[in-house]
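In the two complexes that follow, subunit A is the common piece, with subunit B as its partner first and subunit C second.
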Partner chain A sequence: MNRSNGNLQYAVDIVMCIDATASMGPVLDHVKDSALSFHERLGAVMGSKGKAISQLRLKVIAFRDFGDCPDDAIQQTDFLRFPDQAAEFERFVRGLDAIGGGDDPESGLEAVALAVHAPWERGLDRRRHVIVVFTDAPAHPLGSPAMTKIRGYPQNVPRSMTTLFEQWGFRQSRAALMENSAKRLLLFTPEESPWTEIADDWNNTLFFPSRAGEGLEEYEMDEIINTIAHSL
Partner chain B sequence: MRIPACERPCSAVWHHWDRDRWTPGSTPGPLVVGVWTEQKARLGEDAEPLLAHHRPSGRGLIAVFDGAGGAGSASAGRTSAGVERTGAWVSSRVARAATEEWFVDAVEQQRLEAQDLHRTVVRCLDYVRSPVQCKISGTMRRELPTTIAALTYRIAPGQVVWHTLWAGDSRCFVLDPDGGLQQVSRDDAEEGDALILLTEDPPMTNMVSANREFWINLEKGEISTPCVLLCATDGFFGYVHTPAEFEHVLLSTLITATDAGHWGDLLVETVRSYTGDDTSLALVAIGFRDFDDLRDRFTARAQHLSREHWAPMQRAAGSDRDELVTARTASWNRYRRSYERRMPKPTAGGLR
Partner chain C sequence: MKLGQVLRGYRITTRPCNDGAGKCMWAVAEKDGREYFVKEFLDPRRPRPDSMGTAESKHLLLLQCAEFERRHWSVINRIDPADLDAGNLVTAVDFFADGSRYYKVTRLLRHAELRHPHRLGPHQKSVLLGTLTDSIRLLHRLDIVHGDLKPENVLLNQPPGSDLYTAKLIDFDDSYVSGDPPPRDAIGGDTRYAAPEWLRYVRGDSATGPERLTTAADLFAIALMIHAYLVGELPGYPAVHASPAEAVNAGDELRVDLRLHPHVADVLRALLDRDPARRPPIADVAGVVSTPAVLATGHVDRPRVIATNDVSRSPVRSTRLRINMGTA
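The block that comes next holds the complex of A and B.
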């Protein structure tokens, strides 16, 4: 009479958008530790529920400020498969330094846009596409000529918040790049524009208010992981 | 009278056959069976299934409640013994208590109104809601989130009239020997196709919660006896390979069982072999002379399911993913016409 649930395959893709500007200095190590332990903690929670992730991939997009220094405004990895490419992931994350950025705001929305355009897994069942944003700063508005004319500014970043919202997608939207069933957006960001508007208006969001100089509490990280694990 | 639970570690079964007042020629009294399992001891976020029957009026209620772990994973406090309780754990129990209170009041006043259920649930959640506002927000965030899937019934000569009331993705069904399993609720999700719901598990668009508006959907229908009415949470039907396999779980255990308690035990054993979630199921079988009659009437249907759906999926399970996907799509295409025959049409929302 026993059956197996082995044929439902769980595919989890996670993009971590990490603010690597100087103001994140006091907390970047903590964010790095959270990022590096993320997959093991998620696996442990899933295991305790009797579920195994068939495929786990992580991607990091570190962002600073195109207005301050375009050359290091975005540093990113491809999707890295775990556990096979864990060492590559760790090397990249450990190598991030909290430098530059100038004054607020930063290029956080560009990072989110690049995450939306990431090559998410489209096969397997029960896909989860999770974007996690860590920052202590507000973000530049999209479409500002001062930004878009900068050499090296990513061409696939939409020129307005409305377009980015459409690419994130909503009920019955046609321009969405994200799968409505799969997507989740976890924001560890300050209660400032545009993060509060995104948390309130986009679907499938969780918002954890951050304060400059304060890292992610352990219980908050647990809640992020629990939220992903419970939604599988 | 209360139905005693047969409890084991991480599971419980209830069953009772109300035959005391049955006389030959009348519709036999209902058999009720409840099944509940949890993944982690004492942390199960499904409430115990609710099974209530009012003999004088021939009315009854079966219901299940699934505390939504994803939206309600935050702690709601600790018990006096120090066990942490999530918002999802608390909400499913509160919704169960509210539904029981609503039914007892309503059946005595002979007034079963869905609006009253909504009001009762909102009042009870408000009562236990924490005065401290959680600092975590967002559109996924729910305070005390849970599903409800309830089915009230009235036994009449030769037929049963039912009302389904639900919020979320727990489901109500009818099961008859000829038509098989038919879903009589519709998940609160953007997708309505049961196979896509199974493989994608999309977020709910509506569920009970203390901090957001929700609605309770209401549908009604009738079916001739003998038949089975049931409610289940997604731990039962959301981890099988195809929608037909859930019916196969119900019937393959039924035709193997020697009595109602054994059927419940087999359901526990089977669901724990495949699920990745807490589970609860409540069913009422109406119009069957005895357990042998119940089992015999579904034997042919069980054999049909085994031949047409279970065996092909077993053969495909050992092959590559493409063949598996092809086999489950073929199973669903053969099965969905009867399964969806009584499924409500999509609506903008029920009773707010």
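The block that comes next holds the complex of A and C.
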């Protein structure tokens, strides 16, 4: 909460890209519970540092596999403002079921691309734009005709990793969609393609390799909060 | 970096994390029987031939990397470890790129736990503040702005068998040459200890250009820190403001604790001036804190009565949750 006109105003936008395929079943409940308590925990940490977030918005992109079932390959919310739209957020998150997906890989890169294209906040004094990816699988490469020709495949998803890299951008890039000083990407993913390559090449990316059979744990949510609370 | 990985001979011995960090990952490492603190920067990433991106992007990234290296080396090279005042600066022992990532290495410090430094005796406070101001005096003599002075960036060291604490200053990653700060959207710092001109600069005030961000910004922060070290809290300001700098920019005066010796109170008030040019140099501050007699503040372990419109101020934290997170 901002308290006077002279105070710095902080805007935090977070997009959670959550793998909702069947293999994520054991961990999806943890992801959901953590997501639902996230804004309160963030507020507490910020408060302990004498800071308050002026505007907090969360968006969820649940992904499965366009190659398996295009109809539910992407489910997403708009950016939802907290605490006003917390109930809407909760309804969506609680409604996620770990189903489908078929065999690895999944459509995780499409989710990241949609996150990059999200309508991030551009106002207020200081911004933090965070994309968090939770998955236990590698991702389909971008641009495969077998995927892009599927009905309902998002048209704004780039057809190559090079283009997606350019849209993520860097300080002096001309094609970036993300604001360089604001953006962070947190990968809770296995050490498999394309996640390792992204971790190597994309700036402002934190890679926390996941281990098979393990899900979102306490320390993982702390790491998301650290990314926000200690850099604003 | 990963647990067990070896980087330039440094074997990573803890799981890398971002605890307390927004712009890096860090871990503890071992080399030749000594422990080190290793920081991995999030930005920039150094492109390789097989990295993603167009040729033009890789060219621009390489230019950015060159500037990144120049900025870090400019701070590292300015500080002579042999300087008499450099003993309490925790400076980099290594700075390098490995693959696409940049790393900075410092010696690992095991700091003392001291929850209430304001309860120290005057002589102890004098040693603590003296070592801190000596470090800042060296930086300012070299025209370096620390850029993120706050208790979290001061580790307290207690030599074996001694009841004294010395201050080890860490984290120079937000440092810059006086008058030449990073851009408004990239400059580091913490609003709790930030100077009024830093706040105006971040907010895009056209009258506050980069030339206004000088070593005097550190002086505002050190005044807040000294106040906190002596009485356990920041100076008072109306609760409508979120930080001392915001209060000063709004024209409100920061209220220095009345239990402070008049000499100390006068220096702190001068350091907290809205106008950077009117703040006394760090040498003046060092002169005051070198006199234990003026650092006696009486019964400071009992919270003083705070007016109802004052903010609830966080007590100073003299020690770190982590080891030497943020060191450069």
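In this text, the second predicted complex is superposed on the first by the 226 of 232 C-alpha atoms of A that agree within 3 Å, B and C clash if a C-alpha of one lies under 4 Å from a C-alpha of the other, contacts with A are read in each partner's own complex, and residues count from 1 in each chain.
We adopt the following convention: contacts are C-beta pairs under 8 Å (C-beta built on N, C-alpha and C of every residue); 3 or more make two chains touch, one makes a residue touch a chain.
In this text, all values refer to a predicted model and were calculated from it rather than measured experimentally.
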Overlay on subunit A: subunit C relative to subunit B, clash or fit: clash
Which of subunit B and subunit C A:Asp104 touches, first, second, both or neither: neither
Subunit B versus subunit C as contact partner of A:Phe170, first or second or both or neither: second
Touched partner set for A:Met161, first subunit B, second subunit C, both or neither: second
Touched partner set for A:Leu187, first subunit B, second subunit C, both or neither: first
Touching partner for A:Trp202 - first (subunit B), second (subunit C), both, neither: both
Subunit B versus subunit C as contact partner of A:Asp68, first or second or both or neither: neither
Touching partner for A:Arg126 - first (subunit B), second (subunit C), both, neither: both
On subunit A, positions contacted by subunit B and by subunit C: 2-4, 6-8, 48-51, 125-126, 171-172, 180-182, 184, 200-206, 209, 223, 226-227, 230-232
Residue numbers on subunit B that touch subunit A, as the complex places them: 39-40, 68-70, 73-74, 135-141, 190-191, 199-203, 205, 239-241, 245, 249, 252-253, 256, 266, 269-270, 273-277, 317, 321, 324
Footprint of subunit C on subunit A - complex, ascending: 2-4, 6-8, 48-52, 125-126, 161-162, 165-166, 170-173, 179-182, 184, 197, 200-206, 209, 219, 222-223, 226-232
Footprint of subunit A on subunit C - complex, ascending: 2, 17-23, 25, 42-45, 47, 51-54, 57, 60-61, 63-64, 99-101, 185-186, 191-192, 199, 202-203, 239-243, 246, 249-250, 314
Of all residues in subunit A, those that touch subunit B in their complex: 1-9, 48-51, 123-127, 171-172, 180-182, 184-185, 187, 199-209, 220, 223, 226-227, 230-232
